[in-house]
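Following this line, the structures themselves.
Presented sequentially are two complexes of subunit A, the first with subunit B as partner and the second with subunit C.
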Partner chain A sequence: MFVVIKIHQRMNLHFKNKKVTGILTVLPSKEVLFEDEMGNYNAPIGKSLKLKAAMGFKSKRVVQDGITSSDLCIFGLSHLFDKQLLCKQDIDALIMVTQSPDYIMPPTSNVIQGHFGLKHDMICLDINQGCAGYIIGLIQAFMLLDQKSINKVVLMNADVLSPIVSKKDRNSNPLIGDGASITIIEKSIDNEEIFVNLKMNGEGAFAIHVPAGGARLPKSQETGLIEEDLNGNLRSKNHLVMKGDQVFNFVQTEVPPLIEALYKYSKIDKDDIDFFMFHQPNKFMLNKLADRLGVERDKLPSNIVENFGNASGVTIPLNISFNLGDKLCNKKYRLCLSGFGVGLTWGAMIIEMKNLAFCKIINK
Partner chain B sequence: MKSKIIQILNEIRPEFDFNEPVDNIVEQGMLDSFDVVTLVTMLEEEFKILIEGTEIVSTNFISVESICLLLSKYIKE
Partner chain C sequence: MENFNEEIAEILEVDAVNMDDHLASFDCWDSLTILSILALASENYNVTISAEEINDAVSVVGLKKLIQSKVQ
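What follows is the complex of A and B.
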């Protein structure tokens, strides 16, 4: 008699001979202060100010009307081409990670390819992912680089979600910002190892979602009607909904064990990691994560959402560009990246970054 | 500790009286998720403690007594 034992395998991934060679973050120039919008919320001013202090909401960057995810990426790519930091002919794959594509079809990556007249011998790929979108995009880039014909991948993370957030929703509006990032990933002859642990739970898919606008519930006059929730937030079905308490509990419960499993898998101790560059929904959540992980708060920066807002998959590269920037052009750091949110998806990656050709922020 | 908790709750939501016993202050709409964040921040400052993220769930904040119970894990009186 045979007994079948089901062994639960962690979604551990391992990559070699790949490296990040440049990170550019593009931010919209328009800055909105928390105080500018505080009067919109169905809450006393004093209460909003307490929330501001606890969550670290100060200012955020949002696009001007009509600016899309591809506009931000095209602006960034034009900068790289003009400064000769990237050559059009060298791009073998263009990955676009976004929840705010320009169109339902075609893919935004194809639109960008067409805009620049890039070569036809390349792969354009759109991925619908949010807060963990940088981890997902890097994984996809690493897998593509296993092919002989692919030597350079351009990963674009971009989200323009401010137009679909209700200005009267205290749950989401204070934190949602817009932005884009461009990361160059190439083959490497060094033996750097990259370790990843990734998890998904579709049972929590509606913890962060936009009810209307897809095939399940097309936008209509009815979906545009504003309703008030139990906490006095006003939004329609066309707006983003975030169940903040569920997301907070999910992050606090699931992310620390994921990181600890990654230490074990990679055989890299937390003390051997220089910086923890995490997705940044709010300061409160990040500080709680840092404490739970036993990581000094200055090794886990939490200053992105307060200065720029949360632009989903862009927060990790923005975190790196803002907090490490030029240092990555001549120093080597071992980083633990982690993204968590929409999906629900949570993932972490241990990666070394060094000698980047560029690591900076530009404003559009 | 109890009187201090009531004082903080009354400061966060002055429109309610937290001296009066209520079955579930979260379900009654007297404390929303952002109020919980503000409450945790104020309790941590007041009692010089750090409450673990996994403990910040609504069931720990349904009454003054449940908040007392939570704090008792961190405060040795």
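What follows is the complex of A and C.
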């Protein structure tokens, strides 16, 4: 007897004839060590040092006062224009993925377009996404490239969240860093296939959030009042707040089945993937995730938070720039990218990258 | 859950635990300890528990019962 099982259609996406041709990451030069801020926390030094060891906290990059997401992107784009790695005329779309836009309106991508006086025949598009923002941004770029008149898309991921994290919040402050990345995506004739699996769950929308500052709860004197949570962290409603337990459980339970589904859909086996370039929340979570996925830890780098901090959607391109870098300019790797967090949003992509024109980090 | 006592003792950084010991009474008790317990529950028992549930469990035996109640 046959039993018919109805299987939910998964959010499987497939793209062809698109390629990443360059990745540039821009980091602020200012470096803050975990120890520099340890005295701010309402916890004994010994416990903070234990946290540092477990999470892999060491050093993070944060902007100087007043520097915004667009400043980092403009610095990076200027570098590419000056070095003739990108031609202004060639840009058909400018995508900006950020949760820290310069203004509520206009879109930051339009501000950047205006700064450089780019041609008017183009699409500027801001996307409000965080930890999975690189996956979302790439998907958007691939969809735009299906259009005949769009040949080159510039994807910017930028976040400057350090100003809205309480310095006395040991839950978030040690890990949050700032940064930006610029990825160039173009049409290709090499028949590359790209596979994506994506999920969202708005019921977990408040697991990571900033309560005040939007229309629901405008900033006021009241929202600026500092309160203490159960663990002794001090923050106001203007600050970012993260429910660490929810996020940990979410990542451990949802990401492995997502990746498994992607293997099945793409018919690409775990062993055929060279590197797992994941979002970087902290070392603890990534090592647990690697173990659960049965992936050797050296194939799944977890060294971004300790060196630079977690700049939300920037972590995946930063991970690629830092850990693969130049190698991607003359070698070919099959990568599994995965981003997970704010939204809640989680997504994974299997993509081949090779012969990039550039793959590096510059400091502003 | 035959190894639970040893596993929880290791997380709580002691040689052995008594079942009625209060979780919050251990010197090492903090948000990292709670995260380590979440990871233990997830890895070794395949169950999901929250920080609030751990705090509400109060004692070692309470925590054991909490995890037990979720194991299928």
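One rule holds in what follows: the second predicted complex is superposed on the first by the 357 of 364 C-alpha atoms of A that agree within 3 Å, B and C clash if a C-alpha of one lies under 4 Å from a C-alpha of the other, contacts with A are read in each partner's own complex, and residues count from 1 in each chain.
Methods note: a contact is a pair of C-beta atoms (placed from the backbone, for glycine too) under 8 Å apart; a residue touches a chain by one contact, two chains touch by 3 or more.
Just so it is clear, the model here is predicted, and its values are computed rather than measured.
In the overlay built on the shared chain, the residue A:Ile135 is in contact with neither subunit B nor subunit C. Of the two partner chains placed around the shared chain by superposition, subunit B is the only one that A:Leu289 touches, whereas subunit C remains out of contact. In the superposition on chain A, A:Ile350 makes contact with neither subunit B nor subunit C.
By the touch criterion defined above, A:Leu175 lies against neither subunit B nor subunit C after alignment on the C-alpha atoms of chain A.
Of the two partner chains placed by the overlay, subunit B and subunit C both lie in contact with A:Thr253.
After overlaying the two complexes on the shared chain, residue contacts for A:Leu51 are found with subunit B and with subunit C alike. Contacts of subunit A with subunit B, set against its contacts with subunit C after fitting on chain A, overlap at residues 47, 50-51, 54, 170-171, 230-231, 244-245, 248-249, 252-253, 284, 288, 291-292. Taken in their complex, subunit A has these residues touching subunit B: 47, 50-51, 53-55, 170-171, 230-231, 244-245, 248-249, 251-253, 284-285, 288-289, 291-292. Only residues 12, 29, 32-38, 40-41, 50, 52-54, 56-58 of subunit B touch subunit A when the two sit together in their complex.
Residues 28, 30-32, 34-36, 38-39, 42-43, 48-52, 55 of subunit C are the ones touching subunit A in the complex. Residues 43, 47, 50-51, 54, 170-171, 230-231, 243-246, 248-249, 252-253, 284, 288, 291-292 of subunit A are the ones touching subunit C in the complex.
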